[in-house]
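So, here's a batch of structures to check.
In the two complexes below, subunit A is the common chain; its partner is subunit B in one and subunit C in the other.
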Partner chain A sequence: MTLAAASDIVGASNKRRRPVGLLLVALPVLLVGWMVIYPIVAAVITTIWRPDANGRYGISFGTYQFFFSDGYSLANLSLTLWTTVLCAIFLVIICLPIALYLRFAKGRLAAYVQGLAIFPLFVPSIILSYAFIRVLGPNGMVDILLNAVHLPKIRSPYLTPWGPLIGLVWDNIPLTVLILIAGLGSVSDASIEAARDVGARSWQVLVHIILPRIGNSILVAVSFSVLGIFSAFTLPYVLGPAAPEMMGPFMQRTFRDLYDPPNAITQAVIAFLFCIVFGLFYVRSVVKNQRGR
Partner chain B sequence: MAETFAPPRRIDWVGISFAVVLTLVIIFPLIVVGTWAFTNVWRYPAIIPQEFGLRFWSQTLARPDVWSAITTSISLACVVTLLSAIICLPAAFAFARLEFPGRSLLFFSFLAGQAFPKFGLLVAIAGIFLGLNLIGTFWGVVLIQLVGTLLFMIWIPVAAFQGVDRRMEEAARDVGASPLRVFWSITLPQAGPTIAAAVLLTFVNTFYETEGAWLIGAPGIRTMPVLMISFINNQPVIQYGAVLSVILWIPSFFALLFARRVISGGSFARGFGA
Partner chain C sequence: MKRRDFMISAAAAAAGMTVLPKMAFAEANRIDWYTSSDQNVLDFWTNIVKPKFEAANPGVTLNLVDGGDNAGLQAIAERAVAAMASKADPQADFFEGFDARQPAGALDAGLWVDFSTAGLSNYSKINPLALDIPQNLPYRGSQVLLAYDTTKLAPADVPKTFADLIAWIKANPGQFIYNRPNKGGSGGNFVRRAIYEANGKDPAKFTVGNYTKEAGDAALNPAWDILKDLASSLMDQGAYTSGNTQSIQLLGQSAVTMIPAWSDQALSAIKSGVLPETTGLVQLQDLGFPGGFARDTIPVNGLNKDAALKLADFILSEEIQSAVLTELGGFPGVSWDYVSSELREKFKDVIPASIPVFPGGDWEKAINESWYRNVAPNVDPAS
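The block that comes next holds the complex of A and B.
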């Protein structure tokens, strides 16, 4: 998907057609401007430029002060950070071995493993939530099986912070694996064989040859999942505890149930700030990648 | 390549353990849901349902809220996909083939939404929609879902248009074919399958889009995923949710059949910055 220089099929009439190109891309670009750029700028401005008690507008950080002094808001924020960090760690621990295996294995078994690893892409998170409850919920399938072999029931992760965590990891496995496999493609067979020829063991090949080359892909995969997990809504809303809640359900409840848009938008801006490093890194990587080919 | 790590003919224990664990973790929960959907009676602690049957299919399909959710979801996904195709495919062609000022910058501007946590962005948009009275309306949901489709609907077709063999187009031009004829007979057949996959993925993604529909659409607009959330939270009859899950999975099944090639190919992952 490079944006290689376009040489028009109509060749000579290229220059005359210049405005046509702009015209064709105008609608989607305007839509991005109106529905992405403008809301973000407006969100920052409306949460800072606020009326005071007399109705006079001025710079005020009132909603931010409230967020960072409110125990409940802070508990939600720290739950979100806890979930995001643990999810990212679990994703790397789970997906890196799968990706490594798929990079070097061939044959039907490897194809099966790859198919399974990508399969969650084709399971919407709402069905996943439902399956989670039927399997790990109270009297779920795991309880049934444990009971059948006379073991005690599990402490169900449903409605605890572990519920969304497990669901989010499940949901994010496919893209993490795909990004890591693509990254492993840059590790050449020749370099690995060379290392093995001079007597390197598997783990030495991993640490000295493979990991340094896919460090960037790991960061991209982590950034992508952090952006998705930090403000995840569906899984935390359905599987997570009522209080404290993750930022996604918290924003939704503040906006719709408490009908308090200023504070909801403040929470959104705070989420932006926490993710800005990952967001910029992620976008930079995609741009670099597209340009590179 | 297998030889690098394991000599041939050795049993692939690593692969077998991955296959077993992933089957348990990924396929098993879905089989449980599928079983529930075709179960008339399943009381704890039986391992196998006491009675299989289709009783809850007729009951679920007799519910008016299920039918209105199905029609809402399908019409939303159709409208959004159609609008997205109308505005994005010409733009994709322009990005792939025409020179114009700011082309590169505008091409990457579609990434803007990717730099922010999604639900935060939705709340910011909802703040704008509040002033426009779009909250709780069909077109509000259409707009918010349309924005979510832009990146895919432009980037995948751009790759498709650029993948077309230019020599064939030029050859056709040389023997006197009109630009329209070239586009219709050479460009479209080659780019078509990938573009069709992009359209299908857009439809499926829109069909499952839950967060925008929930935040912007409630309470007036109730799509299938939104109905499913309320089934999970408030519906004591387990089978309703299971039957709805199976129905809900149908679009994914088609995506699995037809679009897997696009996803398994390297360019999809690279589109995510890998």
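The block that comes next holds the complex of A and C.
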């Protein structure tokens, strides 16, 4: 019995591995098909295949025409793009130095910095939102500290577009830092030492040795954060202004408070089209990486 | 068996186990009670109503179950409708915070007890303002009122009419904020009060069924003019919080002097220290801010219907109704004459002369949409 079982492992398994392997990926593939691909196709069809005034179904771009001719909707879209682009820029500016420091620094301080940089990962965004009001809101902690040293109050970013922007940047630091650190792992100490040996200065090492090697990681980090930020809900909802609103709260309000699924789905499809551009960046860089190997 | 195969079958078995039906039966003399309300209401029942009721009715126990939300209670009510058809046991005796108009068809099928003929000794005490259809038993209410900082505004100077309120907001720019009407009832009912103001203060003009595009524009546009005019005098020249809680937080941080707030939320915020002791509450005297009542329903086919009716009568007693005021921070469901005179004196500023109830449905949708398009964009985001 034991022998037979053992020989089974060695012998027959090669023939059987393929169907079992396919079976194992079948579940996730089916789930993706059922819960991601199908809803996308269904959503696009719902927004295009619509009844006209007489109730006859046909191809109609009415909801898209409405969205792109409606100043209110366009203001929401442009606020979302503004927030997303600024967030991406701030994230790179803030996270690249942190990642560089963590890549090259050793010792206890670096461990603390790393812990601090990863910390936002463990803070739910609803908690972050209320903490933000306490700290940066009117008469919040910052105002109290400023007042203690006889300085004027700040103009609170709460309920302005800068509120969600600051919150989203803070919230996305860990993911960006982690991806950048992983990318910096591919920069070997040897190549940096070699550059230094031929007299390269720090910024020359950064521009000519490090950045070319982690360009891909920056792209991946940015597209990851952008995907999350574009459809962010909680932070823009709690911290942002009433109007214009970001696409996340706008979609939710259209769907739940206006009972208007066709327009909500149209907004979702438009958001999806913007996100797919960044998704393609990511896919392209993954493919490039795999070819490189 | 290979490890991989073992993992697959083990996972399948585990998944299968979770879908096995859980067996549950209703018990005699145990009232199966479900709520759609928040934790504070469940706590009120657990700590106040249950011990008092069980002490008064030896042998009867209360099984308090959090049904989650209205959708959760609907699912249980649908089970009761199905049980009625098959003469089975619905395993539910009492619904807290529900509306007998749900689920569709239940009212016609006669699922719910008609309280007006159920022989409750306290039924006649119910506040006539709260009565709805006889299958709904109102027992606690809340209404939006004004919460303000008495250290900055003396109670004698507090506005008592909506016109006074508008004048006060304009005279004290930056000291008032309300939340977006779809993000919480405190701002929502402030906006609805402005709609009443623009329409002759007559709540009767608005019913669930009478919304049309023309009537909506005619009724709402003057209200938007009032609110647009007000925007530059609000906090940050026209900021709107995204919920009841955030408005309370701003009042607590002394960033503003006055906000509209739910009576129960404001009272419990004062009790828990979120709002300071110096917070004052006041209701407008010309026409109150809109509000609403939480209602209970009892299915006719519950195993413990008689005990459930006893419970319904019990929660209308003076003891529980006073506790609704003091412990829950809600309004009593009975007329104010039936709470102790001491409490009546203490809460005289918030006792409403009227509790207007603004209809939902199409009106709600129109308000949610056109407030955003007409009032909110006046905010200059960069200001």
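One rule holds for everything that comes next: the second predicted complex is superposed on the first by the 253 of 293 C-alpha atoms of A that agree within 3 Å, B and C clash if a C-alpha of one lies under 4 Å from a C-alpha of the other, contacts with A are read in each partner's own complex, and residues count from 1 in each chain.
In the analysis below, a residue touches a chain if its C-beta (ideal position, glycine included) is under 8 Å from a C-beta of that chain, and two chains touch if they have at least 3 such contacts.
In this text, all values refer to a predicted model and were calculated from it rather than measured experimentally.
S.K.: Using the touch definition from the top, say if A:Y130 reaches subunit B (first), subunit C (second), both or neither.
M.R.: both
S.K.: Kindly classify A:N139 by the partners it touches after superposition: subunit B alone (first), subunit C alone (second), both, or neither?
M.R.: Once the two structures are laid over each other on A, A:N139 reaches both partners.
S.K.: Just checking: does A:D189 make contact with subunit B only, subunit C only, both, or neither of them? Give me first, second, both or neither.
M.R.: A:D189 contacts subunit B only, not subunit C.
S.K.: Can A:F67 be said to touch subunit B (first), subunit C (second), both, or neither?
M.R.: Neither partner.
S.K.: Which of the two, subunit B or subunit C, is in touch with more residues of subunit A?
M.R.: B
S.K.: Of the two partner chains, subunit B (first) and subunit C (second), which one does A:N147 touch, if any: first, second, both, or neither?
M.R.: A:N147: touches subunit B, not subunit C.
S.K.: For subunit A, give the residues common to its interface with subunit B and its interface with subunit C.
M.R.: 9, 20, 24, 130, 133-134, 139-140, 237-238.
S.K.: Under the definition above, what is the set of subunit A residues touching subunit C in their complex?
M.R.: The touching residues are 9, 13, 20, 23-24, 72, 75, 79, 130, 133-134, 137-140, 156, 158-161, 237-238, 240-245, 253, 257-259.
S.K.: Across the complex, what residues on subunit B touch subunit A?
M.R.: 1-2, 4-5, 12, 14-16, 18-19, 22-23, 25-30, 32-33, 36, 44-47, 87-88, 90-91, 93-104, 106-121, 123-128, 130, 143-144, 146-147, 150, 154-156, 158-159, 162, 166, 169-170, 173, 179, 182, 187, 208, 210-211, 214-215, 218, 225, 228-229, 232-233, 238, 241-242, 245, 248-249, 252-253, 255-256, 260, 263-264, 266-274
S.K.: Within their complex, state which residues of subunit A touch subunit B.
M.R.: Within the complex, subunit A contacts subunit B at residues 1-10, 14, 17-22, 24-25, 27-29, 31-33, 35-40, 42-43, 46, 97-98, 101, 103-107, 109-110, 112-114, 116-135, 139-141, 143-145, 147-148, 170, 175, 178-183, 185, 189, 192-193, 196, 202, 217, 220-221, 224, 227-228, 230-234, 237-238, 247-248, 251-252, 255-256, 261, 264-265, 267-269, 271-272, 275-276, 279-280, 282-283, 285-287, 289-290, 293.
S.K.: Please name which positions on subunit C make contact with subunit A in the complex.
M.R.: 2, 4-5, 8, 180, 182, 235-236, 239-243, 246, 249-250, 253-255, 364-365, 368-369, 372-373, 376-377, 379, 381-382
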